[in-house]
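Both complexes shown next keep subunit A, but they swap its partner, so subunit B is in the first and subunit C is in the second.
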Partner chain A sequence: MILVVISGLMLFAVFCFLIWFSLPVFLTETSLVFSLQWQPEQGHFGILAMVFGTLSLALISTSAAFVIALGLNSFCLLSRRRWLVVILRSLLKFMAAVPTVVYGLAALFLLLPLLRNGLQLGSGYSLFAAICMVILLILPVICVMLDNITTPLWQQYALGAQALGFSPEQTYMRVILPHCKVNICGAALLGFNRAIGDTMLPLMLAGNATQLPSGVFDAMRSLTAHIALVIATDQGSEVYNSLFAAGMILLMSSACICLLSRSLVGRN
Partner chain B sequence: MMWKTCSVRLMAIFTLLISSPLIADELSAFDKMSGQLNIAGGTAHIPVMKKAARNIMGHNPNIRITIAGGGSGVGVQQVANGLVDIGNTGRALKNKEMNLGLNSFAFAIDGVAVIIHPENPVNDLSQQQIIAIYQGKITNWQEVGGHDRQIHLFSRDEASGTRSVFSKKLLKGAPLAGNANIVPSNGAMKTAVSQDVAAIGYSSVGYIDEMVKAPTYNQIKPSQEACASGEYPVVRRLYMNTKGAPNGLTQAFIDYIYSKQGAQLIQASGYIALDAKP
Partner chain C sequence: MHLFVITFSGGAKLIGATRMSRWIGHWGKLCSLLLISIMLILIGFIIFKGLPTLGLKLFFGDTDPLAAMMGQKPVWEGIWPACVGTLTVVLCAVSLAALPGIASGIWLASAAEKRAQKVFSLAVDILAGIPSILMGLFGFSLILVLRASFFPQANVSLLLAAFCLALLILPYIACATQNALSSLPKQLTVTGAALGMTQWQATYRLLLPQASPGIMSGLMLAIGRAAEDTAVIMLTGAVANAGLPGGLLQRFEALPFTIFYLSAQYQSQQELDMAFGAALVLLILTSIIFTLLAALLRRRNCNIFGSAKSLIKETMC
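Up next, the complex of A and B:
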């Protein structure tokens, strides 16, 4: 009980802290934190391009990972090669434990040279590279959640559905998925949250350019990478203050997503 | 890169070995001292500070020296507040900071130069060309005498002293193109440029070796000698700052950095040693 109160208070304190420090940044007109231009030497401190970069990274990678996860989940339930399923499940659990910096390093020496020299797509540092690795990062999260949701349902309904003449594929599509669609949304949201919050992969792979990316092969900077890059600047400078705005946006979005997914899962 | 640090270390050890009679003299100032010396601030200074600290603490185990980074801003703040004994900056103190009662000791010169891939045929870039490239006006290597390839821009993060020197002294305040890739350290810059034939970046002169190529700048080769003589203009000084006049251990440490052996450590870190102010 006391621990719950303490952790609640600490979360509240984090919120207050961020609001207190970011309010002046939002309120002063000179810094114009909500603009597209980030050129600190010229006095432009807009972080909207980073907000857009984070959103595009998270949205694209979550949608892709979600589709792949549904495919893997159906394979886990339907495949007759059970030994393959066992291997797949343990592989996913192993993937969930790999630190992101390992993915980043591997991509730096395998994926980027392929993009740069093999496919001639600019310097290789791009939204695309970050998306590929973020998919690997959030895939196990979504997969394991889907698996935990659908496996008990499958055991419960498979026999009855089969008795009614459903094929296994029909059972999965028509019975299992509709039955737990809310939980599936929750799983996708958690994956999305993870994709928004990851720092290492966009920092290492996306190039950190402060432009608005016009395609997936352009370099971009995420909010998290922005914080990591700017935190060493002089305290109190306007560059430094943009940190608080970025942190505020990240905390707000992740709090909203958390509440949304909780309420979704709770309602079911 | 690992080989480079290894070889630098070996060189340092080697120079220590051959100059050992000298060491005894220069380190003997620390003989009867004890206590703790705290250093923080600019990250370019760290290699020099670390080497000096290792020698001093190896000579007299009663002395403890701690070295932290944080950047020039942090260095000034902490030394002004008395949190550290020496605050390092990669720039001269601003007037506002001078008024806090700080003393500055410039001990080294660090040059910042443009680097490209060794296979890039471009051998000279003028200041105008570099400005146009970094503004995004020149986007193909053909326009400056290279192959028909798109230029991949690389720059440093906002907290970088290297970036601020480059921006002020070479770009003359021209805005940086938004599509420039940002890397967080001199080492990462060298790795990125050495892997990409179409890349252009910039780094501290001390980091330039056979992995990357530094084209001449307005026909001047960015070497340590050219930086020292003032012929190559994109340079900065590295400073140690103390609150009030230094004394005791702090004074001995600063003297050591200015000594012959200190100059060797500075050289081994890729910088050019300066003499103490008369």
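Up next, the complex of A and C:
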């Protein structure tokens, strides 16, 4: 009982700390933090570019991963080669266990040379590279959720739909998917949450330039990478204020998304 | 009935739907083949690059292995200190998180007050979804506060990193325990009560042993998660050249951080090879944990939702 209280208090403490630290930022110098300029030497601590970077990374990768996950899910349900499905499912579970830093390392020496030499894109550090790897990172999350949602539905409806003359593909598209639209959105949100929160891939692959990315092949910096970089380079106490603002934004968005996706996934 | 309504509304669009449906079949095949080949290439690449470097030299550099293991001689060009550092920090984190995690799991599964339970499980969910770097930021600001208030010599250290990792893995353990307990048959509790056991006795002697495979798998998940996480330890005390961890309040080396550091700032081909070797070691470590986990889950043969839910927890954050 006491331990429960302790672990509850810990969670509470995390919230309080971040709020406490970021309050002065929000109360006094709001305009400074929410601007596009990041030039610590001149006193500009705007993190808006990073917010935008995180958003674009998460949005693009989640929507791409979602479409791919739908395909994978349909394959898991429809394919007649069951051994392939078994392999695919265990591969997906294994992917969840692969450390992100290993993904980053592999991409650093496989994907980046491809972008650099094959497509002639400067150094190769870009939003695109980060998106590619983040898709791999969040695919297992979305896929496992989708699988959990659609498999019971499939067992319930497949026979009836077949009796009505649906082909399996039609059953999937016209019966299963419309039936669990809301829950699927919840699964996608979970993936989105994970895409926002990942640090290592944007840090290693996205180039970390504090600018608004003007295209997919531009370098950018995400909020998480920003926190890691600034603490690593240790620039002094004024910069930290903007960090806590960044942390606050991350915390709030992840908490909201968590609540939303939880209610969406659980709904019938 | 529901099905008929759907059929009716969908029927009008069925001609276009046929093409669409055929498309999803092909799309599924394409995606899965692509995914399997990409993952084979990625893992194969790491193995291809890392396997030749795997050996005593990777771990100990030029130092004598036995002396290095005993900590008599420092290891400069090997990943042995990083391995030990990772092991220590993971062990510390798990031992810190295990008791509160299991306790809150038991409480979540058995508490009488439904409202408090709901709030708490919500909190656990949110905690599971928090980006790991925020835990690192939390640890970092904790140090700032400690320094400013009553503990001026506080610094980032192994203990702090273990504490933050413990915060990170706490929800996984809690959730796994809750799932394992609540998937047990209800009769067990009733029988225990009928035999005159107090609730504590029933939990400790009856329910926990029954649920131990589930709890073990949760712990294993937590270990895997703590071993792979880089963002937290990067902010709370991992450095590139610390040697073997000297104590709880010292800085330390860790495998994921070594990989990150070497891949970002390698100066020679040898250091790069070391990064690949370390990546392979880490990959092997996590896949061993994964295999054990899968074996445990298969042996437990629990209902699909229990295992699925813990997997979701694993992949959530």
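Structural remarks
Just so it is clear, the second predicted complex is superposed on the first by the 250 of 268 C-alpha atoms of A that agree within 3 Å, B and C clash if a C-alpha of one lies under 4 Å from a C-alpha of the other, contacts with A are read in each partner's own complex, and residues count from 1 in each chain.
Following the convention adopted for this analysis, a residue touches a chain if its C-beta (ideal position, glycine included) is under 8 Å from a C-beta of that chain, and two chains touch if they have at least 3 such contacts.
No experiment lies behind these values; they were computed from the predicted model shown.
By the touch criterion defined above, A:Ala219 reaches subunit B but does not reach subunit C. Once the two complexes are overlaid on the shared chain, A:Arg116 sits against subunit B while remaining clear of subunit C. Of the two partner chains, neither subunit B nor subunit C is touched by A:Ile47.
When the two structures are aligned on the shared chain, A:Ser254 is found in touch with subunit C, with no touch to subunit B.
Looking at the superposition, the partner that touches the larger set of subunit A residues, subunit B or subunit C, turns out to be C. Of the two partner chains placed by the overlay, only subunit C lies in contact with A:Ala161; subunit B stays clear of it.
Looking at the shared chain after the overlay, A:Leu243 reaches subunit C, while subunit B stays out of its contact range.
In the superposed pair of complexes, A:Leu57 makes contact with neither subunit B nor subunit C. Touch criterion met: A:Thr233 reaches subunit B, while subunit C stays clear of it. Look at A:Leu190: by the touch rule set out above, it reaches subunit C but stays clear of subunit B.
On subunit A, the surface patch touched by subunit B in one complex and by subunit C in the other comprises residues 203, 228, 231-232.
Subunit B meets subunit A in the complex at residues 69-74, 77, 150, 152, 154, 157-159, 167, 173, 175-176, 178-184, 192, 195-196, 198-199.
By the touch rule above, subunit A contacts subunit B in their complex via residues 37-42, 49, 112-113, 116, 122-125, 203, 207-212, 218-219, 221, 228-235, 237, 239. The residues of subunit C lying in touch with subunit A in their complex are 2-3, 6-7, 10, 14, 17-18, 20-22, 24-25, 27-32, 35-36, 38-39, 41-43, 45-46, 49, 99-101, 103-104, 107, 120, 122-138, 140-142, 144-145, 167, 170, 174, 224, 227-228, 230-231, 234-235, 256, 259-260, 263-264, 275-276, 279, 282-283, 286-287, 289-290, 294, 305, 308, 311-312, 314-317. Those residues of subunit A whose C-beta lies close enough to touch subunit C in the complex are 1, 3-4, 6-8, 10-11, 13-14, 17-18, 21, 68, 70-75, 78-79, 84, 87-88, 90-91, 93-110, 136, 139-141, 144-145, 147-148, 157, 160-161, 164, 167, 169-170, 172-175, 178-179, 190, 193-194, 196-200, 203-204, 224, 227-228, 231-232, 240, 243-244, 247, 250-251, 254-255, 257-259, 262.
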